[in-house]
Amino acid sequence: MAWQWFHQWGSPRWFYQRSGVWLPWLGGAAGLLLAIGLVWGLALAPADFKQGNSYRIIYLHVPASFLALAGYYLMAIAGAIGLVWKIKLAYTAMKCAATIGAALTFVALFTGAVWGKPTWGTYWVWDARITSMLVLLFLYFGVIALYQAFDRVDVANKAAALLALVGTVNVPIIYKSVDWWYTLHQPASLKLTGESTLHASMLQPLLVMVVGFYLFYAAALLLSMRAEVIARESGGGWVKALAAGQGGGQQL
Amino acid sequence: MHPLAAHSFPPLDSALLAFDAVSCERGGRSIFSLLSFELFGAAALQVQGDNGAGKTSLLRIAAGLLAPSGGRVLSRGEPVDSDRYRFGSELLYLGHHAAIKANLTAVENLQYTIDGRHRFELAAIFAALAAVGLAGYEDLPCRTFSAGQRRRVALALLLLSDARLWLLDEPFTAIDRGGVAMIEQLMAGHLGRGGAIVLTSHQPVSLAGLRTLNLTSGADDE
Amino acid sequence: MSGPIDWQFESWAAFWQMAGHGPYVWAAVAVTAVVMVALLVAPLRRQRRLLAEVRAEQARAARRAAATADKPAGGKI
Amino acid sequence: MNSALTRSLRRELLLAARRRGELANPLLFFVMVAALVPLGISPQASVLAELAPGMIWVMALLATLLSLEPLFAEDYRDGTLDQLLLAPAGMVFVILGKMLAHWLVTGLPLTLIAPLLAVLLALPAAGWLPLLLGLLVGTLALSMIGAMGAALTVSLQRSGVLLTLIVMPLYVPVIIFGSAVVQRAIEGFSWLAPLALLGSISLLALALCPLVVVGALRLTASD
């Protein structure tokens, strides 16, 4: 039964309908959690004794950083599934995950830079964690640029999937080498996102935000995949029916 | 009948295109030498010859793209280089590759012509595209077109432009039978208006008053 | 949630100021919000555009059928 | 005559818009090289500030070089170049339109993204405005001079390296005055003199390069 379920994912039409059902729930849950987490983090959690209120950016920076890295691995895994089992939907997931991952990596970098200003006085510090994040952003851009370079979609899929896989092997190496580089040059100073022990009342909103971000990622991914599926299946009958249907009223 | 341009060209007092003992060299090798002919209005010349006989070089010399190694190319009695603007505006050269941009749609390729001289109305463009059998493909990017379809977009430019002298390099490549008949019809229409054509092709061309010039055997049967 | 909700800031103004760190925190929140909204809106707009393109393709096919219907012997690729 | 220029400019911008993905590549290159400098040298702001003016200019030059190769190559392949040579309405203006479009699509974005690099390389605040003005003027010269190299090597198969070889020496004055503008500003001196010189180079390039490009393209068409 599991195998049959696994292959069901292969049919884009089936995916479009199933995702249509889950999307409202996913989006709603994500919105709720994000709202609660943000209010809790910005207004209710106590200020940090050393950094004052600027630490509140952690409620955006840390979840975005988690997702940036997790998103890259998810993209690579989707690519691998596409390469091994030839499931087109996996390639679709890979392509959409690349864009969303790059966007969230940018968010992580931007929030990190803004957080750096009150903490260290300059927007950009070549801190080990942030430098690795910048390299990760370039890895994302590499996959996206390679994907767009090919006219034929199936070649683009395979090439991008391969680059993503190569990237996953390199990410740990990059992170370690940047850490080594950072300790080589840097006199001891506060690591921006070091494991400074957060007080429980600060940690709880962070967990809520992280879960909220993951749900948001899933919702954004499904939305983007639905558009991509329509783009790839534009010849299909069901897309024509959908187009005709959507010509008039709005139905998801 | 020529679907778009109604007016015919004014009469000519001297040859629209004349080769005066023109010779051509490529990489030290003489391709053809001391070639002379004259082309007046309402006349067509088919240049034949084996591969490498210099058919394309002859057309490029006529268009002014390639400088002859000897002799002169005249238009209306004067050397072509003296008044490049006038000769350029009377000439349309269709080379091996249809000068079509793959990323633009068929309509855009005709709207934004390269030499910036032509400005065609949308209706004329749609009519020309329909005349060359591309109705329904007007707003598709040309990269989705086959080689034959791209060449037809270039041929649509022939219809739209008011150039009097057509220089066509292998106009029938990648064109199906229906297309060949259509092109011959276009050429007949152009001759009817007093235009002149020089074309290179391996296929026999059924066109009234067509003269042939064979580069390999040197025969020039008037 | 331990005890009653204890707001950290007395007034909205204090909340906006955040003891001097307000601009940084709100800049970060603003950019994150913009990016996340874009990530939701962009696919929806793309989907609408793609469906419109499908309709345009159908219109194109109709034009092609009409062109071949009235002159079947005409030049066809 | 200028209608040929504006029409050619519009046509090229439309073509560029159809290949938006490719336009980002020189910008990404620009930022990535900037990220490599500290990794290669050192993350200390003081060290970086010293290198920043020269580094940003060299990177802008390399990014422009990267984007030059397809300028005429695609037209050469699909036969558009022959039509360009036959343009009676003043081929120079059509070519100028093409070169300006290239500058608008690569030079200008490079200038607009330069502040990001100034942050990455800890460029002192005094150097920001001169950097922007210098790049705005300098990238025009980079595009014009680069177009000459592209035109000369258009009919060659692997013209990438040769193109760089031809064009690099011609870029020397642009690099010198470009980084001088920023250097002077950081040290507190008046930076208008090098900027004026840079401007004159750009205007000279704007006037002469299209003529050279026309000659070069006519050359390649007749081989």
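The chains carry the letters A, B, C and D, assigned in the order they are written, with residues numbered from 1 in each.
One rule holds in what follows: a residue touches a chain if its C-beta (ideal position, glycine included) is under 8 Å from a C-beta of that chain, and two chains touch if they have at least 3 such contacts.
Since the model is a prediction, treat every value here as computed from it, not as a measurement.
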item	value
Any chain that touches subunit D and subunit B	none
Central chain (distance from its CA mean to the mean of all protein CA atoms)	D
Which of A-C and B-C has more C-beta contact pairs	A-C
Centre-to-centre distance between subunit C and subunit B (centres being mean Cα positions), rounded to whole Å	49
Chain centre separation (subunit A, subunit B; CA means) in Å	56
Centre-of-Cα separation between subunit D and subunit C, whole angstrom	34
Distance between the centres, which are taken as Cα means, of subunit C and subunit A, whole angstrom	17
Residues within subunit A bordering two or more other chains	none
Residue list for subunit C, restricted to those that touch at least two other chains	none
Residue list for subunit D, restricted to those that touch at least two other chains	none
Overall pattern in which the protein chains touch one another (line/ring/star/complete/other)	ring
Every chain pair meeting the contact rule	A-C, A-D, B-C, B-D
Residues of subunit C defined as touching subunit B within the complex	56, 60-61, 63-67, 73-77
Subunit D residues touching subunit B - in the complex, by the definition given at the top	3-4, 7-8, 10-11, 14-15, 18-19, 77-80, 82-89, 93-94, 97, 221-222
Subunit B to subunit D touching residues, read off their complex	60, 63-67, 84-89, 91, 93, 95-104, 108, 112-117, 141
Complex interface listing, subunit C residues touching subunit A	2, 5-9, 15, 18-22, 24-25, 27-29, 31-32, 35-36, 38-40, 42-44, 46-48, 50-55, 57-58
Complex contact set, residues of subunit A against subunit C	27, 38, 42-47, 52-54, 56-57, 60-61, 64, 96, 100, 103-104, 106-107, 110-111, 114-115, 117-118, 201, 216, 219-220, 223-224, 226-227, 230-231, 234, 239-240, 242-244, 246-247
